[in-house]
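Look at the two complexes coming up: chain A is in both, with chain B in one and chain C in the other.
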Partner chain A sequence: MKLLFEKSIPGRRSYYLAPCDVPEYTLPAPMQRQEALDLPELSETDVSRHYSALERLSFGVNQGFYPLGSCTMKYNPKINEKLAALSGFTEIHPLQPEHTVQGALRVLYEAERSLCEVTGMDAMTFQPAAGAHGELTGLMLIKRYHEARGDTPRRKIIVPDSAHGTNPATVSMCGMEVVNLSSGADGCVDLEALRQAVGPDTAGFMLTNPNTLGIFDPNIMRITEIVHEAGGLCYYDGANLNAVVGVVRPGDMGFDCVHLNLHKTFSTPHGGGGPGSGAVGCKARLEAYLPAPRVVMSEEGKLSLQQDCPESIGKVRSFYGNFLVVLRAFAYLTTLGQDGLPEVAKNAVLNANYLMKRLSERFTIVNQGFCMHEFVITMEREAKEKHVTAMDMAKALLDCGMHPPTMYFPLIVKEALMVEPTETEGKETLDEAAEIFLSLYDRAMAEPETMHEYPKETVIGRPDEVRAARHPNLRYRKAES
Partner chain B sequence: MNLPKSMVFTKSHEWVKFLSEDTALIGLSDYAQDQMGSLVFVNLPMVGDEVIAGEPLGDVESVKAVSDVYSPVTGTVSRVNEELLDAPESINQDPYAAWLVEVSDISDRDDFLSATEYEEFCLKEE
Partner chain C sequence: MGHYLPSTDRQREEMLRALRIQSLEELYRDLPEGLVLSDGPKIPKGQGELGVLRKFSSMAAENRVFSSVFRGAGAYRHYIPAVVSSVVSKESFVTAYTPYQAEISQGVLQAIFEYQTMICALTGLDASNASVYDGATAAAEAVALCRDRKRSRALISAASNPQVIQVVNTYCWAAGYEIELIPERDGVTDLEVLETRLGPDVSCVYLEQLSYFGQMEDAKAASSLTHQAGAKFILGVNPIAAALLPSAAECGADIAVGEGQPLGIPLSFGGPYLGFMAATDALTRKLPGRMVGETVDANGNRAFVLTLQAREQHIRREKASSNICSNQALCATAAATYLAAMGPQGLREVAQQCYQKAHYFAEALATIPGLTLRHKGEFFHEFVTDLPGDAAKLLEALEAQGILGGLPLPDGGILWCVTEVNAREEMDTVVKLAREVCAS
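Our next item is the complex of A and B:
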């Protein structure tokens, strides 16, 4: 497919400006552009067709089943989009006087109150642009907390080996030291290993609960207690919140700080369609360190942006974060309400268990007993005996009208496929997906060599991953003339 | 399993080849490269860096994941195989020729496994 730049026709355009009715002004010479911008010249028809063609090549929740483990690819209700398109929200400027944007401030204020209620936290910031950014912000709060108390030897953050890779990366970015904690076979925290790992240098502990194997840690209260007794703080990675949202709260599990992937649990578009929002909530003892500005309400109910936050870690992003994403999440939360929200988690768990049970007819499931919102298959035996890998299975699924599960994660499972159906799929979709999985499995057993040929229907089949990683071709370069 | 007898191994899948009493080359075993799959990046220490037995000395990234490389010995990095930075695939092609670093002034070492012991260990891992 040609790039827009390659479709460019000199002189073609898709807009006609009205004649200029103000005096022209010429910029001083040093500020003038030396050569024309190299932008594609196209008609509106060309542009529209180009993006429609790209859309047909991609696959999203609007096209079909998307059980990409750990990504919570749920359906995004259209009412969110309708509200986010209101001109009162779209046609405002972040530097507008506060009294003219009371409605937008109200959204931020109410969203903070509601999400604090959902997570059991006292305060929240919406500045971080995504989950990993939220992690960084959260750890900066924890670091500042210890520094403010003069407890400077606390430089170590304990991270279980089943964690998302962003956890140890965040610790490094924050200038702290990672202590890697080995997990049990179920991916749960080994209490004895945790007791050995904590000490006077422990700044905190990061945990995803339920963990990457979709298991809710049964010792969660003991875990946070052990960390607190040692003087550390507990950070809740909200990546898997969809399994428990509205049912249990990180704050009640003993966590001091949490990030939420609003684009996952709270149904805003992501996976190429972003942007995201990695809201960070915290207990009162960390509140003073949150990024400024904060939305505050006066006694008369007037909302304003509090800029003066002397103990704040500073800004982590311009203005107030991805406002329209927060608005969509707030629309979702308000639509569901207190009674609807627990249904999200319960149905997510029910759907995952149903699909897991169906797939267990053939596949080896790593989870023992019930799972939470996702489960993990291992293709280790099939890879060894038939040379059919998790990658082969994922590629074959591409030809069957569904998105494959997450592959090769978590790292503690060999040949892993991680399946997260989410709550927004009906039983028929799950049954259809189960039939596809099972029939591919039978083919893998009967004719294993054919499994290396898929996909056959997609425009791109098996890209050269080594070349893509080492020599990525990411932007248009004008051919030398 | 491809295992040269002139080398010793660690449980974290590094190989060690002693050039003298206190100098050794360190690399990744055939089993390690096979498990990781095609390597795309290698991150190595600098000459002069101190490494500690059992602690990470660098990391390698494959199409599947990033993995730490643990130092089997305590000492000072005396040479780094910079060719690997541009050609990480050499580790996949010939893991026992593609050494990562040379460590000198070795003062401490991990528990090593002989080629035979390492083979048994890998079979159990599977």
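Our next item is the complex of A and C:
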């Protein structure tokens, strides 16, 4: 499809502004931009149709089943979009006087209270704009905690090898050192290895629980105890909270700090890769270090922004984070409530186990026993014997009206496909998906060579990613005339 | 309670039977004893959608929407063509995730590629990433990428938006980078001091065009000083003013960053917003975050993919320079739609009207006895006034008339902002009220 720039016609435009109603003032010419402004020249018809066409070339949760492991692609309730579009929320300036934004502060205040209850934490900040940003904020809290105690030799963070890549990358951004921890044969934390790894230089330990294999670590209480005994703090990566939300709380597992991906567990739409929100909760001993400002309530019930937080790590984003994302998540939480929230987790786990059971008829499943909200398939044997890889399977699924699972993650599993159906799919969707997976498997066994040709029905075939990386072309350039 | 669970009780029983268990609770039987909450977290029971609609409508009503806004300071009210909200409400844009599977994500990928191209056009630089969280984090990421073994000190202009300074400061504290503030003089960076602070250990200089006080910086001069010392020059850019002012490239910037909110994104109490980030060819591979590139598919047709991923955290893990993975794709799409709708002439007109109206307003205010414009330099759409009396009194008088006045500064001044949406009558009303307050 043509790019906007290729549709541009010199002189074409739309008119949106009212005529200027003040006398003319002109910026002196030498202070003006000399370089041409190469934006496309289009009518609104062109623009509107262009994006309608691009929409048809995109695939969201609304287009079909999206079992992208670790991403929790659940249905995004429409009421939340409606609430987030209320002018009382969209048309307020972040620096308005506090008495004129009591409703917005109430959203932040009550969302913090509720999510603290859900996670077993004492305080929370919504400044982080994404999960990785939350990790960074959480590790900064841990860093500041040790600094404040004068316990500066603590600069190592232990990270299991099953962790998302953001964990070790965050440790580096925080000026600390990663200690990689090999997982046990069951994919869980190896207690003995952990005991060896901790010491007087341990600042903290990051864990995703359930982990990226979809396994809830049965030794979780021992794990957090070992880290605490060594003087470290425990960080809960909330990427997989959907498995246990409303059922168990990270705070009760012994974690000191947690980030939530509100765009996963709390249903806010992913937007093609953002905006999300990586809210960070912490226990009381870390609260003083949270980014400023904090929303506080007076005895008369008036809400205000407390700017004076002398021990704070500082700000991690402007204003108060992705406010409208927090608002959607809080709307979702309020809709479901105490009774609805545990049903989310239970049905997510049920769906994952049911689909895992159906796929285990043919596929090799890494998980033993029940999984949590997701499970991992390995195509290692098929790749070796039939040269059919996880990539081939994923690309074949593209022609079947569903989004493929996450490929090649976690890194500790070869030829991995990570499947997370979420709770917002009915049994019949899981059955249909199972039939598709199983029939593709049969084809892979019978005619393995045909599996490299997919997808055939999509608007493009497999893209040449090597060429894209070797000769990066990151913007449109006008053809030389 | 409300819920979004499609399976019926009967379907659930069928699934449980297939798993040879009796209840959903059995799925958690391997969890340590005592951890499982017996009846959910201690939050109110589910209100259902109707209950939620009531609650949130009432909270929205507790906020005051001002019909007239003269406040900016990092968040700007501009006219947003209706086509922008129409585009960013499209379900497959809203409900898609990061376009990992290029074959079914060409729409999202092309939209981001077009966004990247437009950011390059605005800044004049060679490459843009797919966006980051906001303007402040974009600045912090830019400062981080300039650092190397020999150069570990960053110079940040004190004339920058204070929130940007604070975020840069937090990131640098965590990473162990040294930063030094270059003082402000007359509302802009003091270039004489800058010159004395530059040295072989300086990695970069960051300043903003426009300064926090709305003043135009001599960015070209700052850039040459910076380059003479072998450091990188990072320019924080207001994207509307960019249509009128010399581009970041014309100013000699190595990296341009900025808050993209003015490009079609509502004020929304501070977010979601959009951080844009562009750089010269030499620095392209150091840019953090996602990037979309053009390539071909198996049949030789044009195709778009996420590219240069070898830089990113999921491959490089602790060796990655940033942990960022998501961008603000939907906000970037809003910005691209806005720029496409406005076009080069439309955007220039927005910038010109901002400039003209701000100057009309500043001139009118300056006729009030005792009220002065604090800075003498050229400005765009923001400026600072000093009053004889209490700024709060004036702002309260304006508020009573439904007008959100400028931002009160800690030193008693007021930072005003005027954009194309402020009509002349609004400004005349403010001037009249200000005259009364100053006289009383």
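Assume the second predicted complex is superposed on the first by the 464 of 481 C-alpha atoms of A that agree within 3 Å, B and C clash if a C-alpha of one lies under 4 Å from a C-alpha of the other, contacts with A are read in each partner's own complex, and residues count from 1 in each chain.
The rule is simple: contacts are C-beta pairs under 8 Å (C-beta built on N, C-alpha and C of every residue); 3 or more make two chains touch, one makes a residue touch a chain.
Values in this document were obtained by computation on a predicted structure and should not be read as measured data.
Novice: Should A:148 be classified as contacting the first partner (chain B), the second (chain C), both, or neither?
Specialist: neither
Novice: Once the shared chain is lined up, is A:465 touching chain B (first), chain C (second), both, or neither of them?
Specialist: The answer is both, since A:465 touches chain B and chain C.
Novice: In the superposed arrangement, which partner chain does A:165 touch: chain B (first), chain C (second), both, or neither?
Specialist: both
Novice: Which holds for A:284: it touches chain B only (first), chain C only (second), both, or neither?
Specialist: neither
Novice: Please indicate which partner A:56 is in contact with in the superposed arrangement: first for chain B, second for chain C, both, or neither.
Specialist: second
Novice: Return the chain, chain B or chain C, that is in touch with more residues of chain A.
Specialist: Touched residues of chain A are more numerous for C.
Novice: Just chain B (first), just chain C (second), both, or neither: which does A:296 touch?
Specialist: After superposition on chain A, A:296 lies in contact with neither partner.
Novice: Please write out, lowest number first, the residues of chain A touched by both chain B and chain C across the two complexes.
Specialist: 165, 465, 469
Novice: In their complex, what parts of chain B are in touch with chain A?
Specialist: That would be residues 38, 40-41, 61, 63-66, 88-89, 126 of chain B.
Novice: Quick check: in the complex, which residue numbers of chain A touch chain B?
Specialist: 165, 384, 408, 411, 465-466, 469-470
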